[in-house]
């Protein structure tokens, strides 16, 4: 609902006059929507500018390029939804509630991405003169569905004007009609299709070559996802997932594995592997923060412990133990074990106390770790880590003769160095996801949640709070250590700088926490999505790099204020954070067919 | 003091609790026998909850011992529960954002052993234990009549059902003794009567019950034996009739001077000290303070 | 030459600075049980507020005698505004939220404040020079600077006034009542929101005093200075017993002395030759925190068990 918080500022959301929600008969409005969106899609085939200086080459008539594709997509989506609202057979599933909000949102999305492009062209090339007639046509065409959309009646029966009237346009209806039961194979086919589509969309995002395209991509994705949310399709999909959990997981991993095969440039596989490392660590942190409710602010130090341990036993000639070269499985275990030991050392004295102490002690530990590795160079401390120079020249991994540093050809696909590591990381992530889901749904996971909910009551139920918290903390540390061992090999070298509390590039503890919080605490997909977003944003938007930390700081504050459950809300969390009770009736009630009586109990 | 015909489940000997200079509970001896429902009453600030917390390991008594079936209880709440003494809270403390079933499953914690490894490996033993736990939990939900709400979030239950769920959660730990801290607080007469029946049913399962209450009628209907705590000391103990007839009890409740001056001030001090100490162990609780029972029960 | 008195003096000075900052942590925590992680950044903004007064408000050539009080006022205004603004707009809406929420907000706030200064304050992406008071005096074997005298005086005056304020004034007593039991205090007619704002404001003021002292002593300030100082000050607050204002100062001084002595002498212990010096001081401070949490979690002056509520 407050996805607006992450809408790029470039989005010129139109603000019709408070009452002037365009007076037109609904039929005309719908017709405007349909015609306008088709026209928008069509305008993508025109030349928008005269020079290829603007990235993506928007000069060719008859063939859309770059941002034009996004306009095209948005136009087609709006058209499809409008057709669905006409009740065209075969499209009804797109709009189960027959509400207008999805139309409005996709129309805004199309308008926003088109106008963003046109404005970007004018701004970057220096003036409106750089627009070809096609650009003007696109701008006007994308405005038409917007007029149509705001001429439609709101879904809710809002009579007040102003902000409320606008809000009613994009509100999700309270009740989405239950889906008609479908055969299992259809459900699975749907999941497969959505996963494939997701992979496609995600890959497109990673492969965007310039910032403007990425911004346009984000605009379209945000408004489309938002539209699907208000249409109730996301709810339906999560029901579908709930019914086919292991199938969805399997499809997810298949999609993850498929990613490097879609890439021709190893650079994007590099981004992929970094997102995976970052995401895996965030998921580990999610056990600690999301499940057990322990705020760990020095989590990246455990990644560092793992990375340094792996580097020390990697056989690098700059390692203190340069003669030692562990096989990878042994190095991974050593790294995880070392992190675990540190986790217990930090956790044991602090977990007996109130949670806030843990936050500050872990913050301290994170800082101490960085200082210590910086100083252990033989000059200002014992000679272990080479100080600020770190341990370079970490050799590539070698599994049974499969050298990760080499390019391999696999059935017509070429897998570069980063693609190799990417696949290894998928394996590690699979392990972490498995650990997370299995632990969460068990006696120990329940006791973590119980501790998070009410520690006194949990102890009175026989839970040894200290023990289960320590297990969560140590498990989180060990998983971070495991991820660290791979990251040491991926980056060739380990240096102290990334392992700090806050910095402008991931990983650091603040980014990790932000990934978990932004994505959604206590979910599997949330931290992964959060990690991907937080990694891609500074990577793609170079101009933002300097301000990225500022943006994250403000984003954290706003998130806690307006959508503390993150993008992907855990059902529990969502209920926990919004006390007002508008969400108090869980989806489950439609299944048990018993309206839950909501009463603010103790 | 009590007739020792049956074996004792809980035995408190000379329990004293001091907070700084303040004595909230003064050398209280107290016994609960098998198959008994015992009530503990007293005016506000008499030290009932303090005493309760001493029994459940939340506080470590300054002096004296508490033993369960002959063994001294360790001063840790989770070990007390493990030993077989389960409790509920005066202000309902459910795991509000867990489902009804999950709440009861958490209660099974001490009676199951599956650790992290078995959760990760998911061997046949794990599945069997999970299934058994769930069956047992559903049985208990059936017992309190909430089986049809297993997948509701605890916070969405009406007040009376939250109280019941808390009892079911406590029963899930298979206790030999159940401690109920003001189980009818905030309930209407019908709900109170239902609770009464529930307590009898629990006793019939062979579980001894100790109840703290303000609601006299409830206590005297329910209990085999009643003890009265005033100013941290046990004033009298006996059957309902004996206690009801005792004029000192009436005096204590009406606020007549008794053995020196009880005084509002001192009672308030006890409450304050308790509040402070209460807070030692817990996270900020949702303090939905229900109205006093007396008002509601009339 | 015996360096011990000098080291003790250094430790005492550093510790008073920690103590001044720690007051902010301890007062806010005592009343709302919130660790205001952003307090270190409030300290930092105080320093930049004072810097602004010196470079952009005062005419060139103002004597330090005149400048220091004005810088103090400027720093205090900025720090108090930031602290009160943080309370009003970031923390207050979250007062009923789950515990994790305000902590995360605090982290966000702390990042945002650092970055605002780094991005928008002229020249603040690197350390900025701060007018310093470098004139030295020898007292026996101890050498101190004018800045040190300012620091000690400020710490003593501030602590004394705070003690009087809390004990004697109506607001101070209301503050104690709120710390004991916010709900009851509210029932007794105390405006708890006002009390909380005052606690934040006092914390901000003390942080600004510490910030000016820091600048005068070290001669430069930077946008990251709040992070470690804040961390140490929080350690000091825990060390002294969080919630206790005298504990905060005592904890600060103990921490300062321990840290100074450790970095000065620990390398004389056989086997620890390489662990001395300033670079390891933070490590020892942190170890001290762990030890305190292990053996006396309620802190030196903490009466009630530290994990209240």
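Chains here go by letter, A, B and C, matching the order in which they are written, and residues are numbered from 1 within each.
Throughout what follows, contacts are C-beta pairs under 8 Å (C-beta built on N, C-alpha and C of every residue); 3 or more make two chains touch, one makes a residue touch a chain.
Only a predicted model underlies this, so the values are computations on that prediction, with no experimental measurement involved.
**Q** Could you name the chain whose CA centroid falls nearest to the centroid of all protein CA atoms?
**A** A
**Q** Select the chain at the greatest separation from chain C, using centres from the mean of Cα atoms.
**A** Chain centre farthest from chain C's centre: B.
**Q** Could you state the distance in Å from the CA-based centre of chain B to that of chain C?
**A** 45
**Q** How far is the middle of chain A from the middle of chain C, if each middle is the mean of its Cα atoms, in Å?
**A** Averaging C-alpha atoms per chain gives centres 37 Å apart.
**Q** In chain B, which residues are in touch with two or more of the other chains?
**A** Residues 281-283, 287 of chain B each touch two or more of the other chains.
**Q** Among the residues of chain C, pick out those that touch two or more other chains and give their numbers.
**A** In chain C, residues 33, 99, 307 touch at least two other chains, as defined above.
**Q** Residues of chain A touching 2+ other chains?
**A** Counting only residues that touch two or more other chains, chain A contributes 354-355, 576.
**Q** In their complex, what parts of chain A are in touch with chain B?
**A** Residue positions touching the partner: 354-355, 434-435, 438-439, 442-447, 449-450, 453-465, 471, 475, 572-573, 575-576, 584-586, 588-589, 591-592, 594, 596-602.
**Q** Please give the residue numbers of chain C that touch chain A in the complex, ascending.
**A** Going through chain C, the ones touching chain A are 33, 35, 37, 90, 93-94, 96-105, 107-116, 119, 227-228, 231, 234-235, 238, 274-275, 277, 279-280, 282-283, 286, 289-290, 293-294, 297, 306-307.
**Q** Once bound in the complex, which stretches of chain B touch chain A?
**A** Listed in rising order, the residues of chain B that touch chain A are 56, 58, 76-78, 81-82, 86-87, 89, 91-98, 102, 105-110, 112, 114-116, 119-120, 122, 126, 129-130, 133, 148-149, 151-153, 155-159, 162, 169-170, 173, 281-283, 285-288, 290.
**Q** In their shared complex, at which residues does chain A touch chain C?
**A** So the residues of chain A in touch with chain C come to 289, 293, 295, 297, 346, 349-350, 352-357, 359-361, 363-365, 367-368, 371-372, 374-375, 378, 380-382, 501-502, 510, 513, 517, 521, 546-547, 549-550, 552-557, 559-561, 564, 576-577, 579.
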